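As written, the chains take the letters A, B, C, D and E, and residue 1 is the first residue of each chain.
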Amino acid sequence: MSGEVLLTVDDIHAAYQPGVDILQGMSLTVPPGGFVLVIGPNGAGKSTLLKSVFGLLMVHRGAITLGGQSIGGLPPHEIKRLGVSYVPQELNTFPHLTIEENLNVGGWTIRHDKARLKNRFERIYDTFPALAGKRRDKAGSLSGGQGRMLSVAREMITEPRLMLVDEPTVGLAPNLADQVYELLQTVRKSTATAILLVDQNVADALRHTEDVVMMNLGKVKAAGPVSEFGEARVHALVQECLLG
Amino acid sequence: MFSTELVIQTAISGVMIGVLYALMALGITFIYSIMRMVNWAMGEFYMVGSYLQYMLVAWALGPELWWLAILISTAGVFVLGLVVQWGLIKPIFKKPPELRDDYATVVTLALLLFLRSIATGLAGPNQFTPGSNLPIVMVGPMPLAGARVAAFLFALAALAIFWAVLRYTWYGLALRAASQSRVGVQTAGIDVLSVDRVAFGIGVALAGLAGALLAPVFLVFPTNGMITTVKGFEIVVIGGLGSIPGALIAGVLLGLMESFGAAFVDSAYQNIYGFILVIVILVLRPTGLFGERGREA
Amino acid sequence: MIALSSPTFRRSAIAILVAAVLLLFVPLVGSNYVVHVVTISFYYVILAASWNLLAGYTGQFSLAHHAFAAVGAYTSGLLGYHWGVSAWIGIPAGAVLAGAMGYGLGRLVLRMRTIYLAIATWAFAETVHVYLTADYAFTRGELGLSVKSLYGTLNPTPYYFTFLGLTVVVLLGLRALIDSPIGYFMRAIKDDELRAKSLGIDTTRVKVIVFSISSAIAGLAGGVYGHYIVTLTPQMLDFSEMAKIVVMVVIGGFGSFIGPIVGAAPVNIVLTYLASYGEWNLAFFAAIVIVLMRFSMEGIAGLIAPLWNRLWARNA
Amino acid sequence: DIGIGLDIPLSAPGDAAGGQLIRRGAEIGIDTVNAAGGVLGKKLKLFVTDSQSTPQMGVANYRRLVSEDKVVAVTGMFHSSVAIGINEVAKEMGVPTLAVQASASDITAKHYDIAFRTHAVDPVRVAAWMEFIKKKGFKKVSILAETTDYGIGLTDETIAQNKSGNFGIEIQKITFDNKATDFSAQLLQVKAFKPDLVLNIAVGTPVDLIMDQATTVGLLPATPMLISYDAPTRPQYWQLHAKNGDGIYFIAYYSPKAPLSDIGKTFAATYKEKYKEDPVYGALNGYGAIMIIADGLKAAGSADPKALIKALETGTFKSWPDAPVTFPRADGVYWHNWVPPVLIMQYTKPMQDWKEADVVVAYSKK
Amino acid sequence: MAAALEAIGLNKRFNGLQAANDVSLAVEQGEIRGLIGPNGAGKTTLVNLVTGVYEADSGEVKLAGQSLTGCAMHEIARRGLVRSFQVTRLFGSLTVAENLRTAFLARRPEDGSDGEAQIERMLDLTKLRPLADTQAKKLSGGQRALLQMGCGFMVPGSCYVLDEPFSGINPVIKDAIIDMILDVNKRHGATFLIVSHEMTIVRRLCPKVTVMMEGKVAAHGTLDEVARLPEVIAGYLGKALE
């Protein structure tokens, strides 16, 4: 990699409650427009990593920089304005708002640019026809998979510089899962969005990524380009983690 | 005894009072839906609103400018709300969510005692009235105090504006979204703490508005917010949390129930009619008439 | 039984009994007034602990608990006043009636949640309140129902021991209940009722049982209290009584066993002592509450939990 | 020092306004006695507690005043239920109580040794307004009463005296919850009844709300209204009723038109100086209670409660009215009960000073 | 012999949307049946109808030949029907061990056991032992799913209805769970109805699958049979299975 980086996470320590560090010296970098996949056993701290980068969790040691600017300690809404989107692992919809209103909230930071917003809406509806058909329905009535779609779609509206995506295909039908990966690729290519993806659907995710970071116990266990991570090696690494 | 005139008069009186109660209910439901906490001190913000109104009218503006006093009182309560939110409520939202409810309950209960006590300590336990120069108005066969009619119209206007803002503005959308998922609005780039602040401010300002409007009608004294708050809570649950039309309809329903009960059954039990309505409606519809229900699994 | 052999039960039982033994000496050293205040504190400990069972453990945030205490007190009081029934029959009768009404109310609010349940139960309490006030001829209304004292004297000492014993029994009983399967089901229901049902828990039954038990305990405490305070007024149903219970439990630690115990007594004592400061007393009280909550959101229990755990860690 | 307890409502749900007036009077009483050298060679000290109108608090306060502050008497009591509750404990603890403004019969009707009172009981007040009704020739009377011991007690007594005294008045009785704020429905019914007089038997805010709303529905000023206690003499009356306060009848116990005793006069002057307004009944009676206790102590010659009780029962005392005060072991409700004169007064001009109000009836118990 | 779990003509409407449209299906005793279909096809709705979360507009559900109509959720569970939720549901303020214990107590078997042995076994299997005393709300997404599964297997049931039980779980532990399902199936003869979007797992576990589309049962057969159907490829798989 030629030195140019978008996101740097440098030796961060983060905790939900004081004294119990979940991230214990985690580091990684994401190049502009890059695609980095984070894998690891359950509870390794992958989601915690994304939350820390997005400012939802207090990082008490280490540094996080985005395009050279330190973002450690900024509140989420400011990080969002700097062009970072976050798709959490849990469903992230507003159950009593309609699909359209949900997407509108997603477009909050660009709400004053009506033309852009409209254009983005059209693209989203093209990609997810299931949502288009239900745009006046409450999000709370969606099926599990439809809700997932909405969570991902909402964060794509702003076409951010960096998307933090936590297990986006959980519960999606195979055709849609494929589409989501392709969509991430499309977003990435068309707007040069870098992607930091956390996924347990390792086999599929590996097909789309460029770099891989394997985490365990809040630290990097192995990292490198995707070519070094065959399915057999991943399996062996996880096995190793689980055995302690 | 059951003359049509009395029936019409009773109905008018019920509707009038119901709409005013609805204003209070709106403040409660608004804060609850955004912050998921019950503000038990709502009635004390009503009380503060009424004191401000009294002071402005009696000492500064005079009875002609009552409407200006109302606007200023409401703004004053809004500011007080911001301060309270900043000092007492905000710290909760930086802590794990499961403790919020309990903390908020106790802190607002304490705030209730505190504000009441302060009012008694500073202004004494006596009643005051800002007075009103508005003439008595005949609505059909029913003579109504001008201040009450003005309060009714103000309340309707406030309800309408409030509804329109929530429905048609971006900020309203953010408020509604924040009421459903706090992480959700954060990922969208909305400053959730500022939403809280505004929501709390607006919520208590609605109570303050009710207090200012009703100051000449129900007088000004340290515990004057109590009854209106009681009605407000009843309406919130009858109408369903988070529903503005629900609050209006439930308010009118409650007003009618009480005034007919008092007029034609027994006025000693006036306050029970509302409670019975609450229990009956909730047994039939556990989330109120217009309460929102999502899928469960 | 899981309950009686569990370490949590054993530890709590030891602590309760040790505290009770120490408290036996209060009447020897305290004035009439001090003994009285501690006696009343026991009453509130019982109310707070039984409400905590309902709200803190089962998630039924009822605002009618003070009403059940009043039902207990008035039942026995009215039986005695109108028909000369002895307190020794009246008090159990009050507890049973409170339990039965708790059962009914529990059924009524079965499907309600959060604030809906809170307001519905509170509406129930207010209904009882207005009734007791308005049916003046039967209940003596605000003038107050005069009740015979339990021991023919109002010297607080015998009442002190009665309430101390009652408190110990109630707390041990609650602890056993919490450590039993029903205790697990209660907490499960509070967290996620649908999930509890899907596991095969009869949530209706559990909720109604808890409602009845906690109401009966409140009724029992109210009954004894009535025969000590001897003048019953509808003020017992004033919302401030309920607010007091809520504040006691939350300050102590909502949903923790120790919470109501460490919350109720201090709150009652502080409130009683502040009463001589007139109109400012509640402002002081409120300020104390707010500062305390800012300091520890888990209440007093949150502050002492580490000590408690260390105590047993060392002895284990 | 010799301690005297003052148990009054100072915060909700009690009538804090009522409590406050009593307190002002009592404090001046203590100062007066101490300025004159105290009693038995000692100074008096006032211990004030807040009953919040609940017997529970009142009783706790009493226990504290007696067992910790060692007071020789407890006075103040404003709410009847508090006074009744306290008397039960006082009966055992032995320190006498002197109720200042609690009117329920039970307080003295139980004939407890320790129970004293200086307030007009229900039958006396009702007798006063029955005389008034007769004098005015009213035939139809609407009673608007709150559903408390106070409201119902007076209502029932009125109905009873109407019958027993063969007044032949047609009475409409409407009761309301004392927490109500909207009386439109009740007042419409009253209006439909077309009464000659409306009896406003409420305490605190409802008194004023009823007046205002009665004006709106057109009952006032055409139909006379009688307020059942001396609320209109409180300082804020004209602030609240600048427009509809004229013509109102009310019960009072004191008017400068009736003579004050010498100590009453000193008090009135001190009060006026201190609070920039004239004293009203609550303050006068609070003051009187302290003076009576002080004199009782002097007569007893000791600070022993038993001796004090004996002295109160047998002595004749001075209070604010120009009439002797005694607490004989009389029959029924008059046991240990001194009844101040009852006046029915009327404002005859807007913003009239209550001292100038007309005394329509001056009733003294025979 | 009656089918272990049988749905007969189930219908369910949500304001204007027919989420279940005359759905019938029968799972034989000891069978492991897959249930697949596009998002929003009505799979979860069917699960909810079967387990009593929703009441059907019409139709009937039978468990081992006995009708469940009018049965409360907990009664259905006590008859041995165990379910999991697609969006994991746990008792957040209870610890991991307490969650397992509650699941055990809810359907405590008659043999008087206290469940501690089962809890130990389940902690090992799910690799949650280090978190045994951690409150469930503090678990990661995958840990939650694991714990929910673990609770389901605390007391053997006769019929398991699992709604996407593998989502978010690490592939290595997935294997362990698959083994457990097969084990329970073999040893207790338990019946399974498993909703999943992961075809590799469906292939390993389920000899037969049912495909739902737009609220209706669209196809039925082995995975390879249904995966060849053009409407399944177009509406669900996106491409033919390799």
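We take it that a contact is a pair of C-beta atoms (placed from the backbone, for glycine too) under 8 Å apart; a residue touches a chain by one contact, two chains touch by 3 or more.
Computed from a predicted model, the values in this text were never measured in an experiment.
Chemist: Assuming chain D simply isn't there, give the groups of remaining chains that still touch in a chain of contacts.
Modeler: So the chains, chain D excluded, remain one piece.
Chemist: Would you kindly count the fewest steps from chain A to chain D, each step being a jump to a chain that touches the current one?
Modeler: The distance in steps between these two chains is 2.
Chemist: Report back the single chain whose CA centre is most distant from the CA centre of chain A.
Modeler: Between chain A and every other chain, the largest centroid distance is to D.
Chemist: If I average the CA coordinates per chain, which chain comes out farthest from chain B?
Modeler: E
Chemist: Please work out the Cα centroid separation of chain A and chain E, and write it as a whole number of Å.
Modeler: 28
Chemist: Between chain A and chain C, tell me the centre distance in angstrom, where each centre is the average of that chain's C-alpha atoms.
Modeler: Each chain's C-alpha centroid was found; their separation is 49 Å.
Chemist: For chain C and chain D, what's the span in angstrom between their mean Cα positions?
Modeler: Chain C and chain D have C-alpha centres separated by 37 Å.
Chemist: For chain E, which residues are shared contacts with two or more other chains?
Modeler: Within chain E, the residues that touch at least two other chains are 44, 53, 85-87, 89, 92-93.
Chemist: Quick check: what residues of chain C touch more than one other chain, meaning two or more?
Modeler: In chain C, residues 130, 134, 194, 279, 281-282 touch at least two other chains, as defined above.
Chemist: Indicate the residues of chain D shared as contacts by at least two other chains.
Modeler: Counting only residues that touch two or more other chains, chain D contributes 10-13, 16, 147, 175, 177.
Chemist: If you look only at chain B, which of its residues touch chain C in the complex?
Modeler: Residues 32, 38, 40, 88, 91-92, 95, 99, 102-103, 105-107, 109-114, 116-118, 120-121, 125, 230, 233-234, 236-237, 241, 268-269, 271-272, 274-276, 278-279, 282-283, 286-288, 291, 296-297.
Chemist: Can you check the complex and tell me which residues of chain D touch chain B?
Modeler: Touching chain B from chain D are residues 10-13, 15-17, 19-20, 147, 174-177, 179-182, 184-186, 188-189, 192, 205, 208-209, 212-213, 216-218, 234-236, 239-240, 242-243.
Chemist: Contact residues on chain A for chain E in the complex?
Modeler: 16, 40-44, 46-48, 89-91, 130, 141-146, 148-149, 166-167, 170-179, 200, 202-203, 235, 238-239, 242
Chemist: Can you list the chain E residues touching chain A in their complex?
Modeler: 14, 17, 37-41, 43-44, 86-87, 127, 131, 138-143, 146, 164, 167-173, 197, 199, 235-239
Chemist: Using the touch definition up top, name the residues of chain B that touch chain D in the complex.
Modeler: On the chain B side, the touching residues are 1, 3, 6, 9-10, 13, 17, 116-117, 120, 124-129, 131, 136, 143-145, 148, 217-219, 221-224, 226-228, 258-260, 262-263, 266-271.
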